[in-house]
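In what follows, structures are represented as structure tokens.
Both complexes shown next keep chain A, but they swap its partner, so chain B is in the first and chain C is in the second.
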Partner chain A sequence: MTTLLLQLLLNALALGAAYALIALGFVLVLNATSAVNFAQGDMVMAGGYVAIALAAVLPLPGIALLPVVAVLMAALGALLSLLAYFPLIGRPPVAVFISTIALGVMLEGSANAIFGAEPRAAPALVGAGAIELAGIHLPYQRLAIVALASLLILLQHLLFAKTQLGRRLRAVAQDREMARALGIAAAPLIAGTFALGTGLAGAAGLLLANEWFVTPTEGTNYILKAYIAVTIGGWGSVPGAVVGALLVALFEVGVSSALSYSVATALLYAAVLAILFFRPQGIFGEAAQARA
Partner chain B sequence: MSLELGPYELRLLTVAGCYALPVLGYQLVFGHAGALSLAQGAFFGLGAYATALLATRWGWGFLATFPASILVPVALAALVAAPVLRLRSHYFALATLGIAQVVLLAAVNWTELTGGANGLAGVPGVVFAGVPVPRGWPMLALVWGLVLAVMLASHLALRGRWSRAFALLRARPLAAAAIGLDEGRMRLAAFLASAACAGAGGALYVHTLRVVSPEALGFPVMVACLAMSVIGGAKHVLGAPLGALLLVHLPEWFRFLDLYRNVAYGAALLAAIVLAPSGIAGALARALPRRAAPAPKPQAPPAPRRPRADEGPLLAIDGLAKSFGGVRALDGVALSLRPGEILGLIGPNGSGKTTLLNLVSGFETPDRGAIRLAGARIDAMPPHAIARSGVGRTFQTPALVEEMSALDAVSLARGKELVAARPEAMHFLAEVGIGAEAAAEKVGRLPFGLRRRVELARALALQPRLLLLDEPASGLTAGEREALGNLLRRLAGQGLGLLVVEHDMPFLLGLAHRVACLDEGRLIALGTPAEVRRAPAVIAAYLGEAA
Partner chain C sequence: MQRLVLACLLVLFSTAVRAQDVSIPVLVPLTGFLSLEGQSQRNGALLALRNPPPGITPRFEVADTGVSPEIAVNAFEKALGSRPLAVVASMLGTQMLAMMPLAAEAKVPLVTVSGTAKITEMGNPWVFRFFPGDAVVKTAQARYVIEELGKRRPAIVYQTTAYGQSGREHLDAMFRKLGAPPVFEEGIGVDVKDLLPVLAKVSASGADVLALQLHAPSTALLIRQAASMGLGIPIVAGSAIHQPSTAALLEPRELAGICAESAASPISGGSAALEAWIEEYRKEFQSEPDAYALAQYDGTMMVLREAAAGARTPEALARALSSARYEGLAMTYKSDGRGNMAHSAVILCYDGTSRVPQIVKRYDNIDGVL
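What follows is the complex of A and B.
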């Protein structure tokens, strides 16, 4: 029983770590721009396909492909900001919501045209196999997901907390006008935030696309998970996004194992509706002010 | 009929009509109420499934399935409206998307009922009171007949007062509440009507295709509704058929793109939101020159009965307290105001003046204490109800819609159709010194001082018993300030009670009968202007502790 629970916990941790990357990217862009990037889920999907395409050229394990995927996806993120964010500055935030939905549709259509609708798998991070520890089966893949996602979250934290670039990014997120008055050029930093957020989504795509496969239409699923994670964790809160993502995964894995995945997903949405019913401002209130 | 259209073209046109219906609904909730609902696709699919199930499993006829297909999504919308409609926009989008996903999961997994991923086949065509309506021209005529009927209904319902009321609600929700518009009811009406339109469209869609599968309620249908609204134009009824016709045919025109047709679809939506945010219909409307309605002759509405000074206090505030987080914005404030009295409210920045006005208006609810208007508690009432019970107000910066004419801005506060409201609105505009020419002008083109007066006229158009003014003199020229003072004195002479927050001391001290001074949420002085001016606590609050 305990063994099974620990196994499930590792599953939840692996899934949650990947969700955390997605939610983190979502909330960083949210804080920098006050806008919801609805394409974040499709960026996860795109990251999975970029990994598959790369692996066809470079037959390397996933862990070696990860930096390349992240960099390519970051470039895509910067492009996204140029197409769907910068032309809409000064317009109601809902405009960016719609423009990123449009970009998501384009990404999904492209993936479907290039790779087809069947589920595909990205290469494993370090190969098959598992550690047997006191009767518990610990697959390398899941351990590696947890380790790599934690590393990326740590790197993101260090970037924001310890570097000059990070301080500038935070200044822009806090008050764009003030940052501008202090001589910080906001536009490249915002584009950079989109790149960072998308890079994280792409990394998550690689991490997820081995065990859980990737299909062109699953972006909606991932954006919902990230959105829910950020709602639970407190709209605009960076640590809250990570905690929220872990809670979402824990709920999903727990309920799926007892009932089924569909029931788990439906119950998750029902739970979110209930949360919003009793706490219209989210569980921990809002770190960011009214927008989107 | 000599139009050379094959069955395939006729079917495309019919399908476009089936989509125009949910888009007409989506214009209400998204275009007018300004709420990004992501459940419209699910409502469409629910209508389709309701028709398919009732017709194939239970053999119901069209006259029963069609109303049922409208009722099912409306019932779901009504069920979720209470928790969902009060959410702020980003949570509203999430909540409606969550509802749509639950509906989709149910359609895929409840196989015994819905046929699962395969869906339901063998849906009959429309049989209208015993007369079959075959595919081709007859079905097309039925669908587009309904589209035209809904367009007409929508146009009649929204032209005039309600499109402007929604515009104010989108741009300045607090100002809308302050003139008695009930945001909750307006949003609910739009949400339910949007679900009804979507259900009707879904029902006709499944009669046209004769099969239904979970694709009918998936996210792509939602995106299609959104794209059709944005590209066609979300605020003009013509936008719905234009958007639907265009986007249903777009994949046909982009056939050469083959697999990349959906990419073109996304690109079209992106281009529209960036380059033409008001859509094709919006651009057409701008291209056609439209004369503003000429200002009618002023006509005074019947004067309301105003309480007399000996009837007891008009406004009585008792032990009022409000905290934001850990900050005590107001701490046990007690005040009262007689009919015909001008009470000035002063205090340093952050002393709680605007918080006090917001509590009286109902924008905030007090933590403790009571607010009574002519003896009746109002502190638990929603802002629109407080406004209707006779409390008018203005804001620090005039809360007006720039594209609306001054005349219409004021007419909205009369709570009746524009034709009847405009002559009365002219009366209130005349009272603040605005003539026919400025009244017909768009608010955004008026100088600042005139905007302040338009807002004051709007508050007066409520015929309030109590008027709350937040810094009415700021930004006015000396001449305008004098005219304002005279006007406010005249209003008080008519029995109106005025609570005036103002930083301009010479103006306020020359105007008010009594002055109250707040400091850090507490009432530190109350008396005649002369008394308050000399009060040591007031001098200390303004000059710092040392004084």
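What follows is the complex of A and C.
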């Protein structure tokens, strides 16, 4: 029984770590622009396909492809800001909301046209196989997902907390007009935030697409998870996004083990409603300027 | 006078050409969770429409029906503008249910490979299903589990879609009929990633065999996780795993001992005609064919054959499809009076050394129609 519980915990951690990367990218853009990027889930899907396409020409393990995937996806994120955010500055937040949905639909259609509808698997991070520890089956891939996602979250934290670039990014996120008044060029930093958020989504895409496959329609599911995680953690809170994502995964795996998947889904949404009712600021409190 | 005769002949000739020219729109789900199967359905239809029998020239447009009934209905209403002889209609049961009243009103045959039992249980004479319905394939799946594997405590894991629930109902009923009621049943959504919880519950239930009714991604995920945890009981899956692109997601060792029901398994080989068809399919679509493609090919080809034989109106075609017998590549087709044209199924198994399954059991004429 204990073995099974530990096994379930590892699975939940691996899933939650990947969800955390998605939610983190989502919240970074939210903080920088006060707008909801609904293409974030489709960027995860795109990251998975970029990894698959790269693996076809560079047959390397996922860990070697990850930097390339992150950089390519970051470039796509910057492009996303140019197409779906900057032309709509000054319009109501719902305009960006709609434009990112439209871009997500275009990404889904493109993936379907280029790669086909069938599920695909990206290369494993460090190869197949598993270790047995006290009766617990520990697949390398899941351990690597937890380790790598933790490292990326730590690097992102260090970037924001310890570097001048990070301080400027935070300044723009907290008060764009004041940052401008202090001579900080907001536009490149906003584009950079989109790039960073999408790079994280791309990394999550690679991590998820090996163990859990990828299909062109996967994005909707991921954005829903990110949205719930950010709502639970605190709208705009960076640590809240990570904790919220882990809670979503633990809830999914835990409740479905004890009861059923249908009950887990129903209870997850009920929990979100309860949080919105009793603690609308989420666990860590709201950091964003406005809720979309 | 000579010119007048020539003009009359030209008019007659052009009329004859128009009469041979029939419209058969292809309305299938090319995006959404059923797009993999939908693309197979489209490919099968296209292969038939591009190679019609002599005397018939099909016109066809392909439309994506996505996964919502509204899109399917819109596509169908648009297709009516081409005055279709028949429509190759979505394999998604909910879309079929939405299109069926319109087809009855417009009097246009719907030719489909949808497995949802209900579409032929509503008394609609315009529906023709060329893929064995759940009443056939789930019977084969349950009989194989009980009669061939000798198992008595089955567990069922199914998708919470119409496809999954329809299959579950039939599996449950068949297991009970065979004296082995399921000891565990659970439905999972198409977005569920971690299947260890349900596998742990299957294991704890004391089940001695696991029957699946899942779409392709969930089937592959479950089989992988079952192999990883060492589930230790046989798995007899639904037809999703027979698709080459689904099996390609798994290592041969993960597939070892996995069996599944299907209408057919083209890549397992067969007659010379089937082998030739497989080659043609590979050349045309650069992919491996599956049972959906083969069934839709057979269904579309039967429509074309009947049209070439003189059934040039939707009413005449519906009459022909209701009464004729057709020797297709996958099996023999004949209506049971409710539009169920397919009555056979196969059980295929993977031996753990390759991703090409072997057909281990054939169940012909399960419902006694042929």
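The rule we apply is simple: the second predicted complex is superposed on the first by the 268 of 292 C-alpha atoms of A that agree within 3 Å, B and C clash if a C-alpha of one lies under 4 Å from a C-alpha of the other, contacts with A are read in each partner's own complex, and residues count from 1 in each chain.
Operating definition for what follows: contacts are C-beta pairs under 8 Å (C-beta built on N, C-alpha and C of every residue); 3 or more make two chains touch, one makes a residue touch a chain.
Note that the coordinates shown come from a computational prediction; the quantities given were computed from them, not determined experimentally.
Novice: Sharing chain A, do chain B and chain C clash or fit in the superposition?
Specialist: clash
Novice: What is the contact status of A:A270 with respect to chain B (first) and chain C (second): first, second, both, or neither?
Specialist: first
Novice: Quick one: name whichever of chain B and chain C touches more residues of chain A.
Specialist: For chain A, the partner with the higher number of touched residues is B.
Novice: May I ask you to decide whether A:A12 touches chain B, chain C, both, or neither, giving the answer as first, second, both or neither?
Specialist: After superposing on A, A:A12 lies in contact with chain C but is clear of chain B.
Novice: Between chain B and chain C, whom does A:T215 touch in the aligned arrangement: first, second, both, or neither?
Specialist: second
Novice: Should A:L247 be classified as contacting the first partner (chain B), the second (chain C), both, or neither?
Specialist: So A:L247 meets neither chain B nor chain C here.
Novice: Just chain B (first), just chain C (second), both, or neither: which does A:S262 touch?
Specialist: In the superposed model, A:S262 contacts both chain B and chain C.
Novice: Using the touch definition from the top, say if A:N112 reaches chain B (first), chain C (second), both or neither.
Specialist: In the superposed model, A:N112 contacts both chain B and chain C.
Novice: Quick one: is A:V172 in contact with chain B, with chain C, with both, or with neither? Answer first, second, both or neither.
Specialist: neither
Novice: In the overlay, answer first, second, both or neither for which of chain B and chain C A:W235 touches.
Specialist: In the superposed model, A:W235 contacts chain B only, not chain C.
Novice: When the complexes are fitted on the C-alpha atoms of A, one of 43-51, 97-105, 169-177 or 295-303 in chain C overlaps chain B. Which is it?
Specialist: Clashes occur only in 97-105.
Novice: Give me the intersection of chain A's contacts with chain B and its contacts with chain C, in residue numbers.
Specialist: 108-109, 112, 262, 265
Novice: Considering the complex alone, what residue numbers of chain A touch chain B?
Specialist: Listed in rising order, the residues are 36, 83-84, 87-88, 91, 93-95, 97-99, 101-110, 112-113, 220, 224, 227-228, 231, 235, 262, 265-266, 269-270, 272-273, 276-277, 280, 282, 290-292.
Novice: Going by the contact rule set out above, which residues of chain C touch chain A in the complex?
Specialist: 30-33, 35-36, 38-39, 160, 186-189, 191-194, 196-198, 200-201, 216-217, 220-221, 228-230, 243, 245-246, 249, 251, 287
Novice: Which of the residues in chain A end up touching chain C in this complex?
Specialist: 4, 7-8, 11-12, 15, 108-109, 112, 116-121, 128, 130, 137, 139, 208, 212-213, 215-217, 221, 252-253, 256-257, 260-262, 265
Novice: Along chain B, where are the residues that touch chain A in the complex?
Specialist: 34, 36, 80, 82-84, 86-91, 93-95, 97-99, 101-102, 105-106, 108-109, 219-220, 223, 226-227, 230, 258-263, 265-267, 269-270, 273-274, 277
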